[in-house]
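This is the structure, below, for whatever I ask next.
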Amino acid sequence: MNVLEILRLLAPEFILLITGFAVIGVDLARRRQDEGKTAATVAVMGLLLAALASVWLYLGHPGEIVLFTMAIDVYGLFFKTAAFIGVALVIIASVNFMAGRSKYLGEFYALLVFAALAISVVVSASNLILIYIGIEFLSITSYILAGFLRGDKRSEEAAIKYFLYGASAGAILLFGLSILYGVTGTTDLATIGDLLLRSRSAHWLGLVALMMALAGIGYKASLVPFHQWAPDTYDGAPTPVSAFLSTASKAAGFAVLGRVILTAFPQLQPDWTQILGAIAVLTMFLGNLTALKQKSVKRMLAYSSIGQAGYILLGLVAVNQSGNFGGMNGLMIYLFGYIFTNVGAFLLLLAIEQKSGGSTDISQFKGLATRSPALALIMAMFMLSLAGVPPTVGFLGKFYVFAAVMNQQMLVLGALAAVNTIIAAFYYLNVIRHMYFSESEVEGGVMASRGLMTVLVVNAVMVLAIGIFAQFFMTWVNNSVSMIIANGF
Amino acid sequence: MSESIFNLTWLIPLPTALAFFAIILFANPKKRLSSKIAVGGVIIAWILSWAVAIMFFVNPEFTEQPFDLAVPWIPMGNIVFHMGVAVDAVTAGMLFMVGFVLTMIFIYSTGYMSFPGHLDPEKYPDAAKEGLDPRYSRFFAYISLFATGMLGLVVADNLLMLFIFWEIMGLCSYLLIGFWFDKSYPDPKQITPKAAGLKAFLTTRVGDVLFMMGLIFLFIHAGDLNFQNIFANQEFLHELSTTTVNLPFFGAVTWAGLISMLIFWGAIGKSAQFPLHVWLPDAMEGPTPVSALIHAATMVSAGVYLIVRMSPLFSAAAHGGSGVMMFVAFIGAFTALFAATIAVAQKDIKKVLAYSTISQLGYMFAALGIGAWVAAIIHLLIHAFFKSLLFMGSGSVIHGVHHGHEHAHAHGHGEGGHEEYFDPQDMFNMGGLLKRMPITGWTFIIGGASLSAFPLITAGFWSKDEILAHAWADGHMAVYWTLAAGAFLTAFYTFRQIFLTFFGSPRTEAAEHAPESVRSMTWPLVALAFFALFGGFVAVPVDFPVVGGLASDFLAKLMEMQGEFYGLHVAPARFDWTPALISMTLALSGIVVAWLVYGWKPLKAKQSDPLRRWLGPVYTVLENKYYFDELYYFIAVRPTLWLASFFYLFDRGVIDRIVNWVGAFNRWLARTLRRWIDEYIIDGAVNGVGLVTTWTGAVVRLIQTGQAQNYLLILLLSVVILLLLIPFGS
Amino acid sequence: MVGQILFIFIAVVTLLMALGVVVARNLFHAALFLVGVFFGVATLFILLEAEFLAMAQIVIYIGAIATLIVFAIMLSRGMMGKHLGKYNKQWYFAGGAMIFFFGLVSWLLVKMPFAPVSAEAPADAIQQIGSGFVGHYVVPFEVASVLLLVALVGAIMLARERNS
Amino acid sequence: MDLLRSSVLSLIVFLPVVGSIIVALMPKEKEDLIKKFAIWWSLIPLLLTIWVAIDYAMNFMHGNQMAYQVKLAWIPSIGVNYHVGADGLSVPLLFLTALLTTLGLYYSARVIRKRVKEFFLLFLLLSTGMFGVFVSLDLILFYVFWEIGLVPMYFLIGIWGNPKDRPQYAAIKFFLYTLAGSIFMLLAMIGVYLSTGTFDILQAAQTGVWTNAPMFATLSFWAFFIAFAIKVPSFPFHTWLPDAHTAAPTAGSVILAGVLLKLGAYGILRVLLSLFPGQFAQFGWIVAALGVIGIVYGAFVSLAQTDLKRLIAYSSVSHMGYIMLGIGAVAVALNMKGTEGAAESAAMAFNGASLQMFMHGIITGALFFLVGVVYERAHTRDLKVFGGLSAVVPVYYATMMFAGFASLGLPGLAGFWAEFFTFRGAFGIVPWLAVIGVIGIVITAAYILYRIIQSLFLGEYDPKRWTHWTTVFGEHADGPTDMALFEKVTLWPLVILMIILGLWPTPLLMYFNEAATNILSNLHF
Amino acid sequence: MTVPLSWYLIFATALFSLGFFGVLSRRNAVAVLMGVELMLNAVNVNLVAFWRYLTPTDLSGQIFVVFVFTVAAAEAAVGLALMISIYRTRKTINVEEINALKH
């Protein structure tokens, strides 16, 4: 394992590290005059470069442990690419929004880059310690990002709540990991998996560790019993940060959950299928039903993202060997599509917030179709994708997840998921209804900055493209799944 | 040569159809032109039909192998349904009658359709100037379509095509009865034309639906509906009359019985027999040519024609032991008597004729019921002639009285504004019109005599007597005596009508000034009067002492031969003195009694009907037609409307709410529809989704308190629960 | 035998001090108790022959974190005057839940079939830890360094006096 | 030639989308350019469908296989491919869709004044969805087009519906109904894949679905059936129809009644009949019973209506009952293989159901246009307000008479044949249900004559009863004005079709008859 | 080596529970932070005990503890910074009053 090889395999991480410092450097050099524009461009360049690196790495189909703790495999690389693109989109869109709001814009973009770094580390961590340090690194950067708008009461409140919840959940996660370490004596996931496979007695001990770890990781993916911080934080945090939190960091949560469960606890499948299944149903129902009641679109999106997390978890619950309907490919394509849709939806709120001076109430959306048809069309497309109407990517994701659930003959779960789609369809349609059918209470079209517009168009195109050219993306997802499943079972 | 003539049969319904489309597409604005097109079309059809009919009469050998020309028309499954035209003795007879009567009525209506009384001229200036009905051309379009329907029905070679033309006639009768749709009467109880049209269509529709069921069952069993194919092969009829199907409360019924019963109900609907008769009298609201055309000559007789066509099936059913023939006879006889009784107490000239038509049709069905196939057909043909004559006569009387009323009114006799409504059709406003309208008068008397079967000289006597003779000969005494009573009453009300309208002194100024009708109206009356008198000789039985040998009853013989072809063994009625004498005495006594009551001491103006005093309450019952209209309204119309509104409430209330219970938008519904709010709160418990969303709302408020430490507490509790699951869960 | 008595003594003292942290009305006393707990834990490390950790514990926890907390208390002193109740409304429920949690987890841990190995702690533990940082766990090490940097930048950015 | 043959179906399906994209690119202000373009553009698929009809009749008539088949891989990993084809059943329906779309666009060009560009864009998109459903032979492709058809209709009802009829509530109810059904259908489709290994309808039919697990087969059957029954709509699931129809703009409700309702019925005939013959035979009588209830219930409720459009909407529920009765009869016949005449009655019932699909399309399409005609002038649909219009607007009266009488099944007009065949089939197989259904015919005659013709046209015309009349172009008028040229051009093709098909149904029946014999022989009848 | 492993585990769990109780019930944010520190310390004891009794030769237990130190430090820094900035804007450090964002 010579240095060049390490450099090649850990290329994305190194690139991000350098970009982070470069961003801070550039911002200092510009002495904070240009509201972080150059810093943002450098950050975006770095992220895209990292994304390219991980795609290039991906094509080489690596599947090996690097430096004892980093498992560079197609599974991890898939999530890295998705996260990097997500963060890049967030940065591009938020330049205009963040311009007047804070002096430390250089730090803001640097933090986002470091958050991306944290995700790329945690996603391919195959060692308990690295998992813990990665999650805490991601959490801490998120606390700061959440509380970035110093003067703003909502942003600080969001940050403090997130901090308190994250710290306690982190402690419980740590407790779980320590028990796991105690039981198996090693910190490497793969060896833990083999040890637990062999010794029957460690069976339910593993479960205790898993339950506690579930709390720690589950909170990141905002699964129901551990989701309560999410609505307040998404609502309070600056919208680009909410976009980041609800997509990239959630994807990281699912990636870690997937890796830990599939590598460390494969033989406990009957147990965690039931528990995760129950959690998934709870998440879907609570997320969707509360979203029904929301007046503010931002808060509605927060709860809808919790609901969507329920669906994504279904992919994991119904994981199985069969090539096409293995569940994990459902989870991944759903997540991939979800990142684009949710980033798009939150960022669109930016434009609305800017126009209405901070309020994201549904009444702001009334008659948007007449005032700014392009934005309305894009938002309608995101809503339809979240509702799962073909030919969008949302449908593709739901299709594969449903397929996996049906493949495992979990009819009740399938039926409950279907009912949820109907409930969810209602409040997604509600937004469309306000935009297209009712008269606008607010005058004047909604102005979106060039950066935001490009991001929205890119997202909208991706949402449709993945839906239609499903085959291209599915092959990409399928063989990244075969990697993780093969060594796991 | 004869073969080529028959090839023209399919052309018969065509001219009037082309006339219909020509009028509605092109000639609508020009009234005179459209009437010329219509009359031209019907004349061509008349010539063609007479050519075919006479050609058939001339060479009777066609009864063995009736002419049939069919073309493949509709693919059904792996067979193709053939449609075409057929001519046999019955068709020939009908063609002869229908062609002629249609033409007479078309010519008559060109004169009759002048500017109607109930429209005020200012609204239709040009029509008033021309003196024609504003919707003159539309009328001719409708009657051309009607003519197509009737002609098509007569020449049809299969039951489905017959059914199609049958319904087209139903449509035309609806359009024509409701022709003066904007006419309304001060007295709300009196039925308006538009309501009469609707009533006619719906009542006949009930019959048609049962007819369609019969047709479909026949089609299922026979695989084909062509008359000659089905009724010519005996083993099919035998098989049909033996296989049984058990119905809920009828028990085991043979298929033949069931099909013929259903088809008979179609005939009951169309020919206005007992249970479904209510629409015919109200159909008099239409213009008189329509009443003559539809409700005397053609449409109502279509029902009889259908049963005549179906008689092989009926007789097979009878052999198979089903009582359908007896049922037909009973309905026929009962309707004959029942309608006659009502006719006695009517004061409207057209209503009397309407009930008399129902009664005469009753005679025909009674004849069919007792198997007198030939008598029924002959009475059908002859009745068409004198009944259309009577209707047209009454039309010209009404026309005259109306003009008289206008005339009197114009001369200042009327006091200023429109005095109370003057009904030109009410016989008690007429009197002594024979002097004013001689041609109409005398032709009317001839028709009346023929209707009441004035012995020996009128055609009506021979055809009705034939039926009575058959009833007597075959020993159906119950049927015979009802028909005989009916005959007496027929004579009585016919001559009551004649004495009231034509004899005595005019009771109103309108009657005094009633002018004779235009030549185009009176000339057809004369032509029909000729047939009313001499038509009967076609049916004079051979062995009648004096006149027997004179005219060869070739038509009767022709029908008998045709019967053989269809396996109906129709015994020719040997002439027997007793029934003939009884019917003669009945007819004469009817006339004498009528003379005693109305002719001897003619009524004065404003004098009510003497019968009212003698019959008292019975008279009012008869006048109100045994209250059948009210009865049907009570047992049929009101429950349907009530059921409709009940289902609608059920639809909006229950199902929608169940749906809302399922759909998640109930909360949203409450928010947007304020007026529903009470219902939402009242049965909030009922609609579950509303409940679920309020419950989750409450739960969310409970746990999403915004307190970070509450969240942590719940985090702890969830971890504890998860840990508890392990020892107990797996 | 001596070890056991020593362990029990240290454990009990540390737990009492921990209770003090939680119960102390005055925040200052709580901070002091916290330092005591850190010290107790350090002695336990020594008992477990993890000397390096004990030293690190003292330097980091007491030296850095405790002082940091004291600074925070000093900075938010203004609020001290009001002395409103130290517990929020839900402390009863939380207490009960915690006792139950403690019982459940300790029951689970005790039931665990651990097979203690009676080997000696390696002499060159510190060297091994050092080589561990740059050998097996080099990636977490780097990540930890970046984490500290980010925490640094974030803390300054959040807590800086607003000059303008 | 065979290049055209293989690409014609795809052209028909995707031309409207291309059209809608071109419309999207056009500037919003140039409204009449958009209108002209949309109408001429929709003519191309119409001509193509006519060509397909002729070509199919000439040389694909008696081969028992799908014509114009095209199979391209779409998502090969799970065997989903873009597999389209047409047979006797879908060719006439394609023509119907194209015809109604062109007429709808032509009519709306002069009537729609609000947000014109979006209207035409959505309308073209809608026709793609409908074309797609009629040609797709792959379950997922079927599902995707099924949903694509849903979204534009949602907007059409919501945006252009008139405010008094709660369009938003109607739109959302319409969307959620269909979505609820189709989600469970999606699960059932996945079930089909799991049991047969393919999404292709034809192959799955051969291998037989869930042959080993009857419980799943029944569940999947009911999932499919409910999704289609909601769309038909059959009895218990119909409450969305009246709201959607009354709220939708004229052209919208024409397309909704003319074609969208047929997607459900077509789905049953194409998918259910071939994939679940066993279960369908077992539950056939329920389908027939729902049909009969639909006929009678729909007829009675229509009788109670005072709003013209809502009345016609309920009449569609009743008319669609005939289709369900026909289909139910076919299903019951499946397990009456032994008895003679069952095969023939089944063919008749199938013909009846498919005929009713086409005839109801043109008849109710015409009726809704006619409602539009009167609504554009009187701006109200309350029947109590009109009276005696027959004298004032004769052309409108004549056209409404044709449409009305065709709708009540008068022989000589199109509606009769559908009813005749349906009852001919139904009486042969489920006589008792058919007898109840027959009541519907009388009530249909009642509500059409009594509610529509009577209150609209007959009686005394007095101008004082309703004063704010306008001409169809919006200027004030003191009374109802007769049909404008564009309205005549829209309606008369439908009336002519009604008359021709009424007198001689063979040009249409030969397709359906051929499809009936093929499908029933595939079920080895 | 007389002290059995389970004693350490029980002690660690007790300390953890006390810490969590502090987090759950204290009003003052800083006190909550102290609770968090207690919990982390408890887990450190746990880790070291496992290392000592189960895998004395493999030092990953201790290394884990060192990383926990770094995380604790970083967390404390960021946490306190947040609390101070909130104190500046809302003049309160009481967790209960920070509940503007809810349901």
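The letters A, B, C, D and E name the chains in turn, as written, and every chain counts its residues from 1.
By definition in this document, a residue touches a chain if its C-beta (ideal position, glycine included) is under 8 Å from a C-beta of that chain, and two chains touch if they have at least 3 such contacts.
What you see is a predicted model, and the numbers here were worked out from it, not measured in a lab.
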Minimal step count in the chain contact network, subunit B to subunit D: 1
Contact-linked chain groups that survive once subunit C is dropped from view: one piece
Chain labels contacting subunit A and also subunit D: B
Most remote chain, CA-based centroid, reference being subunit A: B
Greatest separation from subunit D - chain, by CA centre: C
Pair of chains ranked first by number of touching C-beta pairs: C-E
Chain with minimal offset from the mean of all protein Cα atoms: D
Cα-centroid distance, subunit D relative to subunit E, in whole angstrom: 67
Euclidean distance of C-alpha centroids - subunit A vs subunit E, Å: 27
CA centroid of subunit A to CA centroid of subunit B, Å: 78
Distance between chain centroids, defined by C-alpha means - subunit C, subunit D (Å): 73
Touching two or more other chains - residues of subunit C: 88, 90, 94, 97-98, 101, 105, 108-109, 114, 136-137, 140, 144, 147, 150-151, 154, 158, 162
Residue numbers of subunit D (touch at least two other chains): 168, 172, 176, 180
Multi-partner residues of subunit B (each touching 2 or more other chains): 663-665, 668, 700, 704, 706-710, 712-713, 716, 719, 723, 726
Which chain pairs touch, all of them: A-B, A-C, A-D, A-E, B-C, B-D, B-E, C-E
Contacting residues of subunit A [partner subunit E, same complex]: 128-129, 132-133, 136, 140, 143-144, 147, 150-151, 153-154, 156-161, 163-164, 167-168, 170-171, 174-175, 178-179, 181-182, 185-187, 231-232, 235-236, 290
Contacting residues of subunit B [partner subunit D, same complex]: 24, 28, 73-79, 134-135, 138, 160, 163-164, 166-168, 171, 174, 178, 181-182, 184, 192, 194, 197-198, 201-202, 205-206, 209, 212-213, 216-217, 219-220, 223, 640-641, 643-645, 647-648, 651, 655-656, 659, 662-665, 668-669, 672-673
Footprint of subunit A on subunit D - complex, ascending: 73-78, 115, 118, 140, 143-144, 147-148, 150-151, 154-155, 158-159, 167-168, 171-172, 175-176, 179-180, 183-184, 186-187, 190-191, 193-194, 219
Subunit E to subunit A touching residues, read off their complex: 16, 19-20, 23, 29, 32-33, 36, 39-40, 42-43, 46-47, 50, 54-55, 58, 60-61, 63-64, 67-68, 70-71, 74-75, 78-79, 82-83, 85-86, 89-90, 95, 98-103
Residue numbers on subunit A that touch subunit B, as the complex places them: 160-161, 164-165, 168-169, 172, 204, 207-208, 211-212, 214-215, 219, 225-226, 228-229, 231-232, 270-271, 274-275, 286, 289-290, 292-293, 422-423, 426, 430
